[in-house]
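Each of the two complexes below includes chain A, the first together with chain B, the second together with chain C.
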Partner chain A sequence: MSDQEHALSAPNKGKKVLPVGHYRGLGAWTVFFFVFLYLPIVVLVFYSFNANRTVMSWGGFGIEWYLKAFENDGIQKAVWNTLIVATVSTIFSTAIATIGALVLARGGNFRGKTISLGLITLPLMVPEIVTAVAVLIFFSAIGMNWGLGNVIIAHITFCIPFAFMPIRARLEGMDTSYEQAARDLYASEWETFRFVTAPLLMPGIVAGAMLAFVISMDDFIITLMVGGAGSTTLPVYIYSMIRRGLTPEINAVCTVLLFVSVAIVTAYWVVSKKSQTDTVH
Partner chain B sequence: MNAWLPKSVAGRRWLGLAPSYFVIGIFMLAPMVIMAVFSFLEPNPYGGVKPEGSMAAYVKLFFEYDLEDKLVFNPGYINIIFRSFQLSLGATLACLAFGFPVAYYITLQPENKRNFYIFLITIPFWTNLLIRTFAWIIILGRGGVIETPLLAAGIIEDSLRMMYTDGAIAIGLTYSYLPLMVLPIYASLEKLDFRLLEAASDLYASRLEVMTRVVIPLCKPGIIAGSILVFIPCLGAFIAPNLLGGGKKLMLGSLVQFQFASARNWPFGAALSMLLLAVVVVVLIFYARAAKKQAAIAGGS
Partner chain C sequence: MITCNGGKMTTAIDIRGVTKTYNPGSNRPVKALDNVSLAINDNEFFTLLGPSGCGKTTLLRLIAGFEQVSGGEIMLFDDEIENLEPNQRPVNTVFQHYALFPHMTVAANVAFGLERLKKPRSEIEATVERVLTLVKMKHLGDRRPNQLSGGQQQRVALARALAPSPKVLLLDEPLSALDLKLRQAMREELKQLQKETGITFVFVTHDQEEALAMSDRIAVMSDGEVQQIGGPTDIYEHPVNRFVADFIGDTNFLDCEIVSIRDDLVTCRIGRENLFEVENTGGHTVGDQVTLFLRPEKISLSALDTKNGPDTRPGKVANIVYLGNQTAYTVDMGDGIELVAQARPREDGKLPFAFGEQVAVGFSTRALRMLAQ
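So, the complex of A and B:
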């Protein structure tokens, strides 16, 4: 693609002529776009180091709001709840998604394949608020009140498609000849899975688990509606802090949560990039 | 070893899919059916429902009872729904206008750079939406990042009052879902054969015509997919109207939440959710049809 661009960019009457398909101002527009995308994040992190009591008036650099946030009992409890919910729902949703992806990517064509795919990706298509309402009504109708358990079940449900997608993509990118070779060399079905398919699939499973974890950790609206008094997660706690008044403590908590998400997503990016280069032999 | 696995291929398939069917079936599909039933019941003033059939929740969308207990037309909820559509449509168009040139610009870059740009676009998307919306309060709010320098420089004399307006909600929505517009457009632009652009140019198409008559028609599937991915979550949005609209400027999503958290009218909340779901189904049918048509065109040529 770039060759033909150069061929066409011959100078014309001293004025620089853009090659076909290039337009003036695209680069500047893109810069503006990224400023818009990252400005709120930069502002948020910047103000978390505000020593003042109110967020918006700058009172010098300080990290006291981080210290205050770390000592806050409510935040500590919410962090634990968030970690418990995210860990348990990641384990379950990734396991469920892995078996489902194996069937849908390796099970050949069968009746009900399209419907199964639709069902697994259903939580992606329904607006979050509708899922929240439906699950809330369901738990209340059957009288189920397990506190954090209710939240975990809801999270497992909507994390399944997020774990499913990278695992299926990895399976479909994988060459089946390794598995065939193993079978030809008298490996049993289990041995083939254990020593060939599973290790090759691992980057996909790790990527899926990471996405599920981030999605669960960041979920707000479903947890807000399904969770009871004792099952406050960090995003729900942050929401209640915002409602009470804006202090840099909110910024400090948000910054920490932000960096955890960014770290996980960056790791995901590295893993999935590695898995791309692995499969191309 | 696998003595405990079913012998037949079909048996194994369904065993592998059983956990997915079980979890999503019981905790997603069944709840939606129950929600549909709840929307036809009488509300219990203490939350929940009374087991009496009623169309009251759907009647409430259009009518209210006046002092003489007569049904009169009440545009209140219709207005909120209409406003939600307007704001969601506005945010979708803003995302398209803002995101399309960026997706196109990324396509023109060398491959290693492209991946990095896409990575930069996905990062905010995976971070917490509540946090990102909260940041806009600091930017738009009274004495915030935009106002303070303008006040100090004497360009404005009073607060701009940007918060708690429809504009603030629209900015919040556009910001929230912008990556969902750029990514599918980029995905379809990436497959674009750039020789077609030269062919058009050789046949005396102007720069504008190359864009409007070659590039845009060829990446229409991406534009449609992106618009749907932005429009649907906008319609059900809760965080942006709640934080940036101050809870006064309701949208469909925040109205639903209000019915469960404060108003204690579960059937009405369920009916509003059914309405949202109906819109999603209509939009997806439209999408499936458009995709089919596109496939037919691609197959025919």
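So, the complex of A and C:
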């Protein structure tokens, strides 16, 4: 085992890597790249603390736009909707993704296995507007109008592949000998899942759920199409605010949304990092 | 060493004509086991030995229930088990890489099987303590597997498999992940453990030295078939075919023609003048092509001088491989015959013979064996 690992890592160790400073102008290019990437976001966050009424002229530091945003009934309702949609669709999509990953990684060989795998991950490549239009037409064709329920169902469908990927990666990297050992030690199939597979899979499930939550929380196009009156989520509400005119209130709401997203994605990285360093071969 | 039951040996596992084919019905079916039959006695240390891909691990997995037989029966004492689920078979496995549950403590790992068997809590605690003491790991019961060394993980894996008191313990190359010193120490301990517990051990390995050192009986396997079953000395001294002779230990093979047969001796010839006398095992006629084999440690080398006896023959040192406690000399005997002989080092540590030196090669008629074709 250790010999194999050594053999795998040996070529990289032996390779001589030139220091980054060797390339002239790379430093300046890197700085430009990061400025290009992050300056708009930094500006957005910066002006959210603007005491002035207009967005782009600085009138001193203040948090009144945050307070105003928190008091805004429309924003409160949108945040509430967003949390409901994200939570419910995360729970359902993660559950479905877990079952799918278990079947594909542990179900042995069956007809249509490769196609199933392709079909689960395909939505990642379908343009979102296509999914949005398709879902909208589908709901109106069957005459379904459950308000927030429609949004939740749409979110569940496109969150499944995002939840599926880390769960399947975890399962594929998990040696089947743990499950065999459990079966060997008189565990039924259900007990094997409950006491061995599920606990070992948990980092993957948590990572998948967090990814699904962020994707659902940030979604705009599908929600805009499917959500009727009363089922407005935060991204859709922010869009409608912009159409009514830019105020630092939008900056404040976006900043909060940004930090919630970053916090969840960071947690996702920590969890998947942990699952890599675990002793699961 | 073998349990007697009314004067008769009890059979723990009876493999009856077991066949295992992977991908049956596909265009590339792989036959891993071909009509294998063997009986493993109760209270025996039984080893399945063979090169990788010979089917030994497949056979072990069929006994454990991780794979389904394609044909044949597996009897565990008097019960037919080949169609039972793994958790319904009273056998336990020590896995090659141990497969200790990483999210549980050592004690929880060992208790796992007993808990699934719904044993009372007090009994589980007592058994866990007893088996952890048996493998000298009682003080580390609260640790997680990733806090243990390879040797310690090995002991926990043994304790976990022994805790439910299986009728048979299956061991899948459990020593292969350990370094040499530890491996040699664990051999002794495994053998000791088998005697203490009285449980039948079925041990899979590709290491012939391991097999010879530990086993009561060995089944040598190749290409999905059992080549020979016997005790370590049987296998080493009386291999039934060229594969077994070659796989177990180092061997010189001499392909020759029978030129004369007397009551008890057969004379074989290679080339024009190299004659070898071997014990007559019967069933041969003059002119037959046969293979003789000769173990390197049964050949003595001495300096070529006038005191050499009549049963030695001259040769020239063609290669020297220094191995520390002994040196392997390849001796050119003429007629294209090269014999490998082992010589112990002299007391002053110098090599007894030099490259190209003429030596006297001696071996007795009894050291030469004829292989069945």
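Keep this in mind: the second predicted complex is superposed on the first by the 253 of 281 C-alpha atoms of A that agree within 3 Å, B and C clash if a C-alpha of one lies under 4 Å from a C-alpha of the other, contacts with A are read in each partner's own complex, and residues count from 1 in each chain.
Here is the rule we use: contacts are C-beta pairs under 8 Å (C-beta built on N, C-alpha and C of every residue); 3 or more make two chains touch, one makes a residue touch a chain.
None of the values given here were measured: they were computed from a predicted structure.
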{"item": "Partner chain in contact with A:Tyr38 - chain B first, chain C second, else both or neither", "value": "first"}
{"item": "Partner chain in contact with A:Gly59 - chain B first, chain C second, else both or neither", "value": "neither"}
{"item": "Chain B versus chain C as contact partner of A:Gly74, first or second or both or neither", "value": "neither"}
{"item": "Chain A residues touched by each partner, larger count belonging to chain B or chain C", "value": "B"}
{"item": "Partner chain(s) touched by A:Gly245 [first = chain B, second = chain C, both, neither]", "value": "neither"}
{"item": "First (chain B), second (chain C), both or neither touched by A:Ala181", "value": "second"}
{"item": "Which superposed partner A:Ala154 touches (first chain B, second chain C, both, neither)", "value": "first"}
{"item": "Residues of chain A that lie at the interface with chain B and also at the interface with chain C", "value": "1, 188"}
{"item": "Residues of chain A touching chain C in the complex", "value": "1, 175, 177-178, 180-188, 191, 195-196, 199-200, 278-281"}
{"item": "Sites on chain B touched by chain A in the complex", "value": "1-2, 9-10, 12-13, 16-17, 19-21, 23-25, 27-32, 34-35, 38, 48, 98-99, 101-102, 104-106, 108, 110, 115, 119-124, 126-132, 134-139, 141-145, 148, 175, 178-179, 194-195, 197-198, 200-201, 207, 210-211, 215, 232-233, 235-236, 238-239, 243, 253, 256-257, 260-261, 266, 269-270, 273, 276-277, 280, 284"}
{"item": "Residues of chain C defined as touching chain A within the complex", "value": "64-66, 85-87, 91-93, 95-97, 99-103, 112-113, 116-117, 145-146, 160-161, 164, 177"}
{"item": "Chain A - residues contacting chain B, complex", "value": "1-2, 4-5, 8, 20-23, 26-27, 29-30, 33-34, 36-41, 43-44, 47, 55-57, 95-97, 99-100, 102-104, 107-108, 110, 116, 119-120, 122-123, 125-138, 140-141, 153-154, 156-158, 160, 188-190, 211, 214, 218, 220-221, 224-225, 235, 238-239, 242, 246, 250-251, 254, 257-258, 261-262, 264-266, 269, 273"}
